[in-house]
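Two complexes are shown next, each including subunit A; its partner changes from subunit B in the first to subunit C in the second.
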Partner chain A sequence: MTRFRLVSSITAGRLYTIGKYAVLVFIALIWLLPVYSMVINSLKTAAGVLTTPVLQPSGISFHALKVVAAAMERPIFNSFVVVLPVAVISTFVGGMAAYYLYRVQSYFNDVMFTVVAIATFIPYQITLVPLTRMLAQMGIFNTYQGLIFAFLIFYLPTGALLMSIFLAVLPKRTIEAARIDGAGDWLIYRKIVWPLVIPGSISTFMFIVVESWNNFFIPLILTSTPQMRTTSVAVLYYSGGFGTLYNESFAAALMSSILPLIIIVVLGRYFIKGFLALGTGSKG
Partner chain B sequence: MKSRSYLFFIPTGIFAVILLYLVYWNVYNSFTNSSSFHTTATFVGLATYATVFRDPVFLSSMRISLIWAFSLIFFGNLIGILLAAFLFNVASDKIRLIFTTIFIYPLAISAAASAVIWTWLFNTNDGVNTILRAIGLPPYSWLDRPSSILPSMILISLWVYSGLSMIFYLASFQNVNRESIESARIDGASPLRVLVRILMPEAKNAFIVSTALLFLFALRIFSLPFVSTGLNPFTETAVLNMYFYYITEFFANSSVVSVVLVIIASIVVVPYALYGLKRWITHD
Partner chain C sequence: MVKIEFRKVGKAFGKKNRKKDVISDMSFEVSHGDMYGIIGASGAGKTTVLRMIAGLEEPTSGSILFDNKVVAENGRILVPAEERNIGMVFQNWALYPHMSNFENIAFPLRAKRVPNDKIREKVEYLANLLDITETLRRRPGLISGGQQQRVAVCRALSKDPSLLLLDEPFSNLDATIKDSARSLVRTVQSELGITAIIVSHDPADIFALASNTLCITGGKSGQAGKTSDLYHAPNSIDVARSIGEINLLRATVEVRNGRDAAVLGEENILPVTLSQAARSSLDSGDRSLIVGIRPEDIRIVEDSQEQVDARRWLAAGNATVKISSYSAGIFRILLRLHGVETDLATTSEHFLPPGQEVSMFFRKDDVKLFDNSGYNLAATPAAAAVPHQA
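Our next item is the complex of A and B:
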């Protein structure tokens, strides 16, 4: 009797395990459909596009990728020119602000912290008109400086917020000890704080690289010539419509996503930690 | 020494103040009749508000934005809990990380690229309908019928954001005392019972955070409907962010919409910053 029950509970457990993985794999496959379709369809020829549906592969041709690459070269270059300084400044200078908020606590700082949070989460589309005007008045509309400046308005506070969360777990005593030894803020920040917060700063950096790389609205409104378009905006011109061959749409989508996809595969843990920090603090 | 730490905050402070200025510009202009046609704006009190609030296009955009936000919150949390519960029961850390990466990667891809991909996947003849037909199900008019466009778009946004909800639930499940779960299992509690009775009561924070973030991300949605269905105030996917893209000639009206959006976002962000984020940063 007991033996029978044991056996049946083992089979039930095994069935449950199999069922659990079956459901997980099924959902994962749905989640991966866009990646799958990006790969197979950007490798299709024009003839393949006309004869096969979107989810069925047909041959391997690099023609569409080459054509799109030629057109996307400049936008991808533009994206790097804008995204890298934005991410470096947001992480390092945002980290400095975080260090200040960590060191000194006052009501004024609570207010500043709230402003930083608002800047991080605000629907940035609301700044459309005043931001465009401001950049036009400064003479940096449709320039790299303009895009970097505009991105920093939103991502520098994001960097400060994320770095604040990662800094919170640093031992206050270590820093006080250095201070008693006569070290200045700059020295403490570079030599003590920064080395301790490296994993957090990688998360912050990756988070801002991905977010600003993908930002569509800001470059859309702040650039006016094809020469200045960033990658995410360039994809718009492959969005389809009648007469478009979809292999080029998918090739463009693939090219704009390849960097974020590499980051998430290689450094996914850091990227996830960035999001997690926003919701649960640095211990989560 | 201590008094000079504020220098560290100045760069971030400057950009935060610029953001406040952009918001202030909107607040100020919302009380005027400023537009491309009134070059010298006059103060009109709440008249512009009255105009905007009576505009049927504003009201329909507002309705669409709210439907979108609440659907994303409801189903995003639901899918997040489901995925987290499955992943929590995966024994191997490595396999769990692989699945986590699969469910989170849509967050790393630009919304513009996702829109291009899903527009093709939801194509009536070529897309996922070919699978539905193959397994004997009737094809669905994803983007071809006015009444199905918004649900389809919401599905795409669920694909993007459910993973975010998932990581918060997973993190909170992993904080639950292992022993209480084990003892419940030994007592013969089913996985569902463990989820409802033991895991979910501990996931209150995950629920708050994931709801707040899903709401804030929903308020930012722009590229998905913009790239996928274009800029038409009369479509079923014309969200608030698009509304003030096509009334930008009327600066005052667009400012009113901005103010409304800032107020809605602040209702969530300010308490979130002061009671959530602040707490993780100050406790040590």
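Our next item is the complex of A and C:
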């Protein structure tokens, strides 16, 4: 009897494990399928892409990738120039805002926090017309500064909001101890807060890099020359329209997603770490 | 060195419609170079008072003065925490987990932009004084609780503060190292001659360190004064209980053999002397009161022939031993009185078997009488005369 129970509970456990992995594999497949098709199709020739099904590889040709790479060089460079400062500033300055909202609790700051939260979810479309006019008047329309400025308007609140979430697990006593030790806010932020929320700031940084890299609408409206196009906009010119070569569309898509992909793969565990810190509370 | 003064300080938390008064109408003074104790039950408001002194919390009403200069008043902080030159040891030490112990101790000096060689000198001096030199290169997470406490004390002292605040600094330590930690704090404080305030709910900390004490009861200043006065002449039951163990027995006042006596239960009769004020408040009807007696003020006599000095001891009738337990060379005895619900705790130098009948004597000068609202009937005539709401 006991023996039977033991056996059946083991098989139940096995089944559960198998089921769990089946689900995980399924989810991974769903996620990997587009990546897979992107890779194999960008390696096809123009004829190959028309004659073989999407999920079936047909030979390896770097032609499409080469062609697209030449054309995408400038947009990818533009994206880097815009996205990196935006992510760095949004994380660091957003963190400062988060620190201030965390340290000084007042009615005003509660309102500020709400404003930040709302700003994070504001649809771009609403603000773009006034923003375009503003940039034009400031003389930075269709420039890097203009793009960075516009991105910051949208991603600084995101940075502040995310950093607020990560800062909330900082023990208040630690910061109070630093104040009693005679440290001002700037010193506390640099020497106490920042080092203790590094996992969180990496997550925030990555999130903003990926989001702003993929952002299509802002650069589409705020740039007017091909020279200023960012990756997300440039990719558009490879999808749909007359005479599109599908292998080139896939190649362009692959190139444009390479940075987000690398970031997720390389820094993914830091991203998870940051969120884990939320659950366990930072040690302090 | 600094003198601290609270003038009618009140503190409430929360918004308008959900306000919670935590401290009300609190006034006291801590003099230069004093080691001052703050004691009170859990949730009494000790930490809140300390945080107001530190500048981490503003008083909702009243004012706080450092050396006769107002530092916070009526909901506003005039001198912020970072400018009060305070060293503080938090309840859980609040060390910086990402810095080495050296950097923890050095942090207040770095904030002051002290040159590196001076910092090294100071940190090493303190570490040596508190015997943690070996741990300086490690992080706080990797050293024992006792060492962390000493790092926290070093950090609090490194910038030569004029005021040292300690919030339950020993509560996280093993019993075995508590005493050495206490004597360490005492030595450091007297050597440096700074004003220090120690908050604790444990009377042992207060007796070991504080010559003057404030006892907080329910957010109010229950009593402030010499620590021994709080112990021997507490204003109220709350104060008496906060600062030590006390037996409390309900009694009714009756006249026996022409004099006042407190009757405990069915058989125990204790002669008492009532102050004029106490008498008048009792005369107004309710004749019940509460007798308070500390364990060490009870003497147990097994042999009825034994002579007891009647000038110092009051016969309080008989009792039965309920149980004897043992701690640190002394037996702790619980006594039952006939017709009394609560047991009486006391100590004895030798073991007494359960069930043994004994005679009981109370130390004459240390029997405390409280009215039904818990105020000491002998304390101040005013306290006894004013009717209190329970």
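Heads up, the rule we're going with is that the second predicted complex is superposed on the first by the 235 of 284 C-alpha atoms of A that agree within 3 Å, B and C clash if a C-alpha of one lies under 4 Å from a C-alpha of the other, contacts with A are read in each partner's own complex, and residues count from 1 in each chain.
In this section, contacts are C-beta pairs under 8 Å (C-beta built on N, C-alpha and C of every residue); 3 or more make two chains touch, one makes a residue touch a chain.
Worth saying up front: this structure is predicted, and the values here are computed from it rather than measured.
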| item | value |
| --- | --- |
| Partners on subunit A (subunit B, subunit C) - clash or fit | fit |
| Partner chain(s) touched by A:266 [first = subunit B, second = subunit C, both, neither] | neither |
| Which superposed partner A:174 touches (first subunit B, second subunit C, both, neither) | second |
| Touching partner for A:236 - first (subunit B), second (subunit C), both, neither | first |
| Subunit B versus subunit C as contact partner of A:187, first or second or both or neither | second |
| Contacts of A:195 with subunit B and subunit C, given as first, second, both or neither | second |
| Greater residue coverage of subunit A in the superposed arrangement, subunit B or subunit C | B |
| Subunit B and subunit C, minimum CA distance [Å, superposed model] | 5 |
| Subunit B/subunit C common contact set on subunit A | 179, 184, 282-284 |
| Touching residues on subunit A, where the partner in the complex is subunit C | 171, 173-174, 176-184, 187, 191-192, 195-196, 282-284 |
| Subunit A to subunit B touching residues, read off their complex | 16, 20, 23-24, 27-28, 31-35, 37-38, 41, 53-56, 93-94, 96-97, 99-105, 110, 112-119, 121-131, 134, 152-154, 156-157, 159-161, 164-165, 167-169, 172, 179, 184-185, 189, 210, 213-217, 231-233, 235-236, 238-240, 246, 249-250, 252-253, 256-257, 260-261, 263-265, 268-269, 271-272, 275-276, 278-284 |
| Complex contact set, residues of subunit C against subunit A | 54-56, 80-88, 90, 92, 94-98, 107-108, 110-112, 141, 155, 159 |
| Interface residues, subunit B side, partner subunit A - complex | 1-2, 4-9, 11-13, 15-16, 18-23, 25-26, 29, 83, 86-87, 89-90, 97, 99-121, 123, 125-128, 130-131, 159, 164, 167-168, 171-172, 175, 191, 205-206, 209-210, 213, 216, 219-220, 222-223, 226-228, 241, 244-245, 248, 251, 254-255, 257-258, 261-262, 265-266, 268-270, 272-274, 277-284 |
